[in-house]
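Letters A, B, C and D mark the chains as written, and numbering starts fresh at 1 in each.
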């Protein structure tokens, strides 16, 4: 066991992958000389050199597409898009190429690229720098979408993603980078299944990424009210681990989705649709959700807080679902 | 009453707006000399000249952003993005600017731009030319999303959209362009509400755009089986007319969503979530959905057909919801 | 791929016959496609390359088996010239399983692993980053390949063009950008889409060496491509090759061609790359009428066989609809 | 806006005082911002303009009230020089309702309708199309405005830069592109991001006339901006102005500056635009020490007042959270 921050965990995962496989390299804006805009890649340039830790110009579409081309050419690139806010500039490459080339080529070509990006709000960065788009990306067939919410997953998921023959997008909630936890040395990690982070019998809090911590805290507080909340960390947003969702809800008969994405058309809706489809008759109450309000994220702390999911909102919504 | 095609209806709407308001102009790829890639704007260059019917280079991001800037500068631009498949290239401008500028500026500036684009599959155009992204765009606060499914709406919505002080995206399903219908001369049109296209007591088919015709046909066939299907055309995908959805389902107690978008994370899920949230206790069966399969659209006719919603699938799903 | 790479065009009889045969293969194949489109054997969009054959054929002569090719939706000619069998291309146009993309792609998405043919990309300029990425992979693995990317002049207005040319030059990637300047992007003439219509000047602004050639002259194209590929293989970084050409047919099968005069088309048709090269080669004594007759006969047979192959091809069963979304191993 | 537009710099005493005062206003305002950031009055990202003041101040002299301005996240200087009151800017940085964006935007999103100040855009190169669009609106309405767009040299790598410059030139839009070349985009030096580091050569590739000036010299900037604006107003189409400058501080408050040497910063600090201009003006007799003292005192008072205004500002109530998503009339 070693205590690591989430930031260090990602860095260690990159290092390990680069040491194990010469085909792996990292490219993105300021990953090298600057040390990564969240200091994730700090020191890696010195260790691996500029050929494998590649600073790119501000050209999101081209360098993402170049990563995909390099993947088809035999490399295993890790493309870092600084934040998901800028990934919109690369979306054509992601949706029209990464997600379709295997299909369009009848299975001849695959694109084993890993695209990492920071996501989420909560740092007063306002409307253009606070998107939570991971759930939205999960709409696209051909992609695997990961949302590591724990230090252990930050450490473990990247290596698995690099083993995947198809494009994998990893969304790292920027508020998590300073989280710290012990991580087992030879942990095993999958990128297929959701994980129950806390057991409970009365209600399932279904969440991921930056909202896991809030959900756990809410669950803890709900306990004091006699409400046993199970917390399910989705981990993988596409394909969804529907089995895990349905079996948790089959047990608790009540569900609350906690999602930092905007409410309408968010992945929260998809989870509700799956629950209704697979578990309608066992529900004791309609599934509910706590999401971001439908507003571009405002700058002032109090408004931003009001716009994002919070422990209080989760507790209040859970009480409603419980009929209290 | 005049009989018009959907294509002519859009053209008439553009003409009327341009004649009524000198601030209105049309810009996009091949809207002028070529006559529009779907012949929508054929003849308009001759009528209005190259200043107001502007052919643009292949620069989706810039000309969309330029349309937005021109809107802020006092014009009322209609930006045509040839198809939604290419709109990904302009998504940064749409999500980070069009949808946020009013908010970021504290309400000082607004962006009265109308962005039209063709959408949908069904023409064997394969994986990069068959997206149905309107439901996906409906996730973004700050945008109004329209999906005219009838000739009348094709004729009426554009003018209303140009009156709107905020950005409006209009998705025209390309399979509808040849549809023809009588349109009342002085019709009134809103861009707020859903419309019941067929009344029925047993199940609500909730749909929009290219799937309306299929849903109506299915409703007609279901009638013969003694199933009275109400068909609700959403018309506006953002903001959703939740009242209309809930009151239809309150009556029928059963709902089936028909949506050409991919299933997971599509707007179909949002509609289910709204129904569950607002009408859970009155439901006689879990709402179901018929969507596109989770695959990039394949080229061959039989596979494409299998990937998209069809009358048969709607009927089969409706029967299941009815418990037959 | 049996085209030997090298720096100079060897204009002997054999090579002349090859160049002519390759161009005629494309022409006759596509004429047949147009026919098959009207009887709805081929569906979707169909973009004919007729008139531009000298570009694909000329450039392919300079490439070897290790090189990668990325093309657009107007890529039948490139696929044929690259060596993908006509049978498999035609089957793809029909949407049959035996097609070079298993039927999933159709006309706009021809792919072939054996020939390192990476599509068939239908988003304008979307293939450029892929080609640069393939080149980066070769560079990082110290492989000798040159990645060649074909695109139309319309692509030059896209941001991805700019970003990719800059990165390719900055990183000295072994990539050959072949811009097929046929003067129109659908109905938009170059002068209506570019403030600077000299595409070589554009390339120069990224410090990429460029050459502009008569794209209706297959020998000139080949010679320029060989020079470019040679320089790239020496490690000099990317090159840009503008081929000035013209499409004789409509943009796609839906285009009424309101934007250009018949007379302009006629002028260009006088420069038909096949007729010009054939007449030159006959005059130069590199071939005889009988050779041409034989080529035409061979090609007719090849095309007929391709159609038959496609006709006899099979439809993928609907049960496997969800294949090729992700690796089967991950399902 | 009280800066008279015209083609020549009138270096009289009054104007010298204005230039110096404007630059000092920015400097002192931002020094205070840095302080306020450490005590968490200002949050989020804070990008200081210190070192680059001559650019915003010089360019703004050439603009009139009808002109539009589009800037980046590093825009406090532009906002001040454009005439937005320091009080309202500081209140915005605090997130107070009295801020120039009602508190919603913060440091990266200063907006002001009265001054035609269109942000505060935090997506690199995202403001360029907006500026071109504002220019198009002016052109189509036969208004005399010049839209001025400020951006860093890092933006030149983005596709939107390319697309916008081409369109602006193609349509001869009245837009002035001001590239503030401070040598770094975060930690990436220009030479690591551009194959061609001469930005004027880039502009030329779109047939846009350009000029590169010493961005540490306010008079030179003003003179070049006046020439450019004059040409644009005459209908000659867009112009590109590269201002060679340097940011003295970190990229944002989180940047440990691993990518550049202290010595490099020191060399540039010797060219401090404020010191240089002040010393020159003193020597030239255009002003006296007492003027400088008075300016400093005035500015100190102005900054203090701005802070007080911001402190006394009010928080928007949480009930109105959903305002400003769409027009209230449409709710």
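As a working rule, a contact is a pair of C-beta atoms (placed from the backbone, for glycine too) under 8 Å apart; a residue touches a chain by one contact, two chains touch by 3 or more.
All values derive from a computational prediction rather than experimental measurement.
Q: Let me spell it out: compute each chain's centre from its C-alpha atoms, then which one is farthest from chain A's centre?
A: Ranked by distance of C-alpha centres from chain A, the top chain is C.
Q: Return the chain pair with more inter-chain C-beta contacts, choosing between B-D and B-C.
A: Top pair by contacting C-beta pairs is B-D.
Q: Roughly how far is chain C from chain D, centre to centre by C-alpha average, rounded to an integer in Å?
A: Inter-chain centre distance comes to 47 Å.
Q: Express in whole angstrom the distance between the two chain centres, defined as the mean CA positions of chain A and chain C.
A: A distance of 40 Å separates the two centres.
Q: Suppose each chain is reduced to the average of its Cα coordinates; what separation in Å results between chain B and chain C?
A: Taking the mean C-alpha position of each chain, the two centres sit 36 Å apart.
Q: For chain D, which residues are shared contacts with two or more other chains?
A: Correct list: 103-105, 109, 121, 123, 126, 157-160, 163, 166, 170, 192-194, 324-325.
Q: Which residues belonging to chain A are in contact with no fewer than two other chains?
A: 56-57, 59, 61-62, 85-86, 89, 92, 96, 103-104, 126-128, 141-142, 294-296, 298 - these are the residues of chain A that touch more than one other chain.
Q: Draw the chains as dots and join the ones that touch; what shape do you get: line, ring, star, complete or other?
A: It is complete, because no pair of chains fails to touch.
Q: Using the touch definition up top, name the residues of chain A that touch chain C in the complex.
A: It is residues 25, 51, 56-57, 59, 61-75, 92-93, 96-97, 101-110, 141-142, 144, 164-166 of chain A that touch chain C.
Q: For chain C, which residues count as touching chain B in their complex?
A: 43-45, 95-96, 103-106, 108-109, 121-126, 154-155, 157-159, 185-189, 192-194, 254-256, 258-259, 315-316, 318, 321-322, 324-325
Q: Enumerate the contact residues on chain C facing chain D in the complex.
A: 157-163, 165-166, 169-170, 192-196, 201-202, 204-208
Q: Which positions of chain C touch chain A when the two form their complex?
A: 68, 99-105, 109, 111-113, 118-121, 123, 126, 128-138, 140-141, 147, 159-160, 163-164, 166-167, 170, 323-327, 329-330
Q: Which residues of chain B touch chain A in their complex?
A: Spelled out, the residues of chain B in touch with chain A are 61, 85-86, 88-89, 91-92, 95-96, 99-100, 103-104, 126-128, 131, 135-136, 138-142, 238-240, 261-262, 264-270, 272-273, 276-277, 280-281, 285-289, 294-296, 298.
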